[in-house]
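Please read the structure below before turning to the comments.
Residue numbering begins at 1 within each chain, and the chains themselves are lettered A, B and C in the order written.
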Amino acid sequence: MVELISMAAKYVLVVIIYVFIYKIVQLIYTDIRMLMGRDSVAALLPHLKLMTPMGTKGAQSIAEIYPILRPESLIGRSKKCLIILPDPYVSSEHVRIDKVGDKFFVEDLESANGTLLNGKKLERRIELKDGDKVSLGRIDLVFSEGGR
Amino acid sequence: MGMKAKTGTSLYTHFWGPLHLVALTILVLFGQLTLMGSPIDFIPLIMGASLLLLIYFVGWVIRFNRLGDPYLWTIVAMLISLGQAMQYRLSPVNGVKQFNWILIGVLVYLMVYVLYATLHGRFRSVFFHYGLLIALFAITLIFGTEINGARNWLKLGGHTFQPSELGKIVFVFFMAACVTTPERLRVKWSGREIDPKFVMMGLVYVLMGFFAIQREFGTAMLIFGVYLTFIYVFERDILFTVYNLGLVSVLGFVAFKTVSHIEVRVDTWLDPWIDIGGTGYQITQSLFAIGSGGFFGSGLGMGYPKFIPAVRTDFIFAAICEELGILGGIAVIMLFFILLYRGMKLALRIEDRYMKAVAFGLTMTIGYQTFIIIGGVIKLIPLTGITLPFLSYGGSSMVSSFATLGLLQALSGQILRKEAAQLETGYNQ
Amino acid sequence: MKLDTINSRILHSLVLAGVLFGLLITSLTWFELRGKNDIMGNAFNKRLIAEEEEVLRGRIVDRKGEVLAETLPSENSKIRNYPEKRLYAHIIGYNSAVYGKTLLEAKYNSELIGKSNLEFFQQIQKMLSEETPKGYDLRLTISHALQVVAREQLGDRHGAVVALDPKTGEILAMVSTPDFNPNASKLEENWKTLIENENSPLLPRATMGLYPPGSIFKVITAAAAIEAGKGDYTTEDLGTTVIDGMTFSNAGEKAHGDVDLHKALTVSSNVYFAELSQKIGASALIDKAKDAGITKSFEFDLPRTDSRIGDKSMGKTELAATGIGQGKLLVSPLQMAMVAAGIANNGTIMQPYLVKSVEKEEGSLLRTTDAKSLYDMVSAETAAELKAMMVSVVEEGTGTRAQISGVQVAGKTGTAQNEKSTESDSKDHAWFIGFAPAEDPQIAVAVLLEYRGEGGGRAAAPVAAKVMSAWLKLSESE
């Protein structure tokens, strides 16, 4: 009887161990894809993506992907902002992104030159959907929910 | 796969799945061991249950506190489960002892993590590390007791332990210090300054010599492997690595011709069948065992690992191949490789050179050690007497393996926190 | 040093580790698939013994069920008993805890201890039942009665007798002398003397011994001639002939006058065949020898050695020597029995085999061996011609001592010079190959008597006759 159990068990055991290895390798594989550049980590989180490459005179490294993690994120020219855009047509505090639970809202902070959402002027606080384009100054930012 | 976006990395999101599989493995293995008693053996039942609790508990601690890469623990959990089941099967009395060592090992693992967080960066002195190594040697030489022809054991209060297991960790720190702060190696010899490279070389070769004299060829091989990879990675000039390789080849050849002990080992490796009752006994019994299990093994408890000499220590891998099959053996090799991969990835991400070197060195140590002993057991390379991390019987081996793991875990935790912080504070300045 | 370089070198190290570990996996797999086969039967592999402890090792029986090997209980353990003692030492071998396993005991070890891949559900059944598991039995093709006759006929002389059924390839009897007692206690007692005995009693001559064939090889020379279109060669045999400066003479330099192929074989004329070989050429002769299996290997139940012949670049004198069965030729008794069987079986040599079936105790078969053809030695016409010549050999030629009353026997005698032969003291091997009855052969034999110094016709032929007639009588009652 014991022999029978042992005989069955050895096949079961091998199967379990290899499923284990397979799962780990699978997880590692997705992990590798995540690490193909630091920015890609951020791409899995909700973020704003810079569509306009900036010609920088004041040498700052401008990332292309900005994850939105805080309840309030400021975008503008001022150094107080989360996303600093040194464009002359951008106000010091131009736009604010609010994170409420899993939802994101964009609001224009009475900027001098205004903000466009998908080409239309942003009048009030609106919820951001995946793929929305926010334009301020000469810069386009696209919102993504991440998770891909 | 659909990962939900959450704050922080998604490293932990699919953590529990594999751990459940480890739990399943424990159930099958220890269930079998329990049923094999007459009528039932309670010890494996308790052992298995404890092991289950242990892996989930530690897993949870790491997960909950974000203590770095959780897969290090996952893989090791599987390894120690397989190992512990085999150890108990081979000798119930010693199996219990081994289980205690696992518990102590895990304790060391967590302790090292904490200690490292507080102490890191303080001890970077080259000579501190080298001095430690010499001290270990001196103590062993003077106070050591001889076991099985090698005088590398220390007896302390009823327990024997191998200082070389500790030494190899210190060696990694030593090498890391050498390659990242070579200026500390500046030595003056009759007015002229010697290139720190050669000072390091001299120190390392002397160390290798020490080990060789003490007949610890496995450790000497290990030290050399780690050293060679270190200089390949961290020295700009690849030629230096090539010269070292050449030098050791020559030295090795000379040693082979002059030291009869080494010649015997190489001859036995090439043809163990000539003296199958004498010098070839160990490796041939190992091969018989490995060959008799087939791909799926003869089943836990159904094979004859008792015919393998030193089966709980050096030849544990042969016993695994006999009872858990060639597939089992290959799985163990793969698991170690994945562990190596995690370690290397960690080393790549660390920016501080010293810590990068430490992570790299510790990983290579595990890698070489595994390769050397498994390779010897399957007759790919000559047999040497070093242990298989996490699987071989012995407190020193287990504690040292967990200490290494703890260090890697600590480094990984540090890096993870740093990266998460970077993400949260934004990218500009 | 730049961080990037360091990082890329770290990656190199990872690749190195991958290669090393891949090497481990590959060599482990290779070992399992191929490397282990040669070593697992080693006597030092205690598992073989341990596994056996738990099983009642199967018996080995002859074609009629006579027990030739069985395991009997003795005191606390079991003992492997060979009731016929020496008679089957060179077929069954021995099963010793000290000296390991040989021959059939080794080759069929798995079956004898009951391990079998075909029987998955039976294995489960076995595990559920509580009684001592039994191994499988081997039923051999050997006829015990015939084996006894063959051994008797050899007597004190060293040599071998191989008897085959030409239609199926079954080995009916196979004896090698000197032999030894394979029972464990005797084996251990005598081991040292056995090993040191210069007559090599442990050597199975029938399968592993190599000897110059002498005149029995002429059947192959004749076959080569016929199929090369030189079968109509005639010559005046004056007792000696010179080929390329070397003299070849008949036995006693006897002259036979005008001879053709038929007559030459009947009287075994060296002159004729030495000259004939020149007509055939080395290439054709060697090819025909290969067609008969010389230099070739085949799967067999026992270890065997391949027969040898010189190469195609041989000179004229070596060619002549080869043509009459000397030169660099070395053959085993089994090989020559196969040649005789091939001629008997219309030119096709059947694959020889020893184990008729593997059986479970109740007589139900696990598996049987089927007759298989192995080599197409000659065409049926050539075989018929050869057969007619070989009948003459026995009726009126050198092989008259192989006659059996009431039966037409075909054969060829041989007296082979060897390394021990000198002018004064002939140590020539005595050979005979043949089959009977010629018109519908039931048995083919090869008889070798080592270093006898007597002619094949004189010493070996009578042995063959006795063995063949014994079989014919036995098979009447089968």
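As a convention for this text, contacts are C-beta pairs under 8 Å (C-beta built on N, C-alpha and C of every residue); 3 or more make two chains touch, one makes a residue touch a chain.
The structure displayed is predicted, hence computed values, not measured ones.
Peer 1: Among all other chains, pick the one whose mean CA position is farthest from the mean CA position of chain C.
Peer 2: A
Peer 1: Chain with the smallest distance from its CA centroid to the overall CA centroid?
Peer 2: Given all protein C-alpha atoms shown, the central chain works out to be B.
Peer 1: Averaging over Cα atoms per chain, report the distance between chain A and chain B in Å.
Peer 2: 39
Peer 1: So the centre of each chain is just the mean of its C-alpha atoms; given that, what is the distance between chain A and chain C in Å?
Peer 2: 80
Peer 1: Please tell me the distance, in whole Å, between the geometric centres of chain B and chain C computed from their C-alpha atoms.
Peer 2: 55
Peer 1: If you look at chain B, which of its residues touch at least two other chains?
Peer 2: 334, 341
Peer 1: For chain A, which residues are shared contacts with two or more other chains?
Peer 2: Chain A, residues with two or more chain partners: 3, 7.
Peer 1: For the complex, which residues does chain B have touching chain C?
Peer 2: For this pair, the touching residues of chain B are 229, 232-236, 273, 276-277, 281, 284-285, 287-292, 294-295, 303-304, 307, 321, 326, 329-330, 333-334, 336-337, 340-341, 344, 347-348, 351, 353, 356, 360, 364, 367, 370-371, 374-375, 378, 380.
Peer 1: Can you check the complex and tell me which residues of chain C touch chain B?
Peer 2: 1, 3, 5-7, 9-14, 16-18, 20-21, 23-25, 27-29, 31-32, 36, 39-40, 42, 44-47, 50
Peer 1: Where on chain B is chain A touching in the complex?
Peer 2: 1-7, 9-11, 14, 17-18, 21-22, 24-25, 28-29, 31-32, 35-36, 71, 74-75, 78, 82, 296-302, 323-325, 327-328, 331, 334-335, 338, 341-342, 345, 349, 419, 423-424, 426-429
Peer 1: Once bound in the complex, which stretches of chain A touch chain B?
Peer 2: 2-3, 5-7, 9-14, 16-21, 23-25, 27-28, 30-31, 34-35, 41-42, 44-46, 60-63, 66-67, 69-70, 79, 82-84, 145-147
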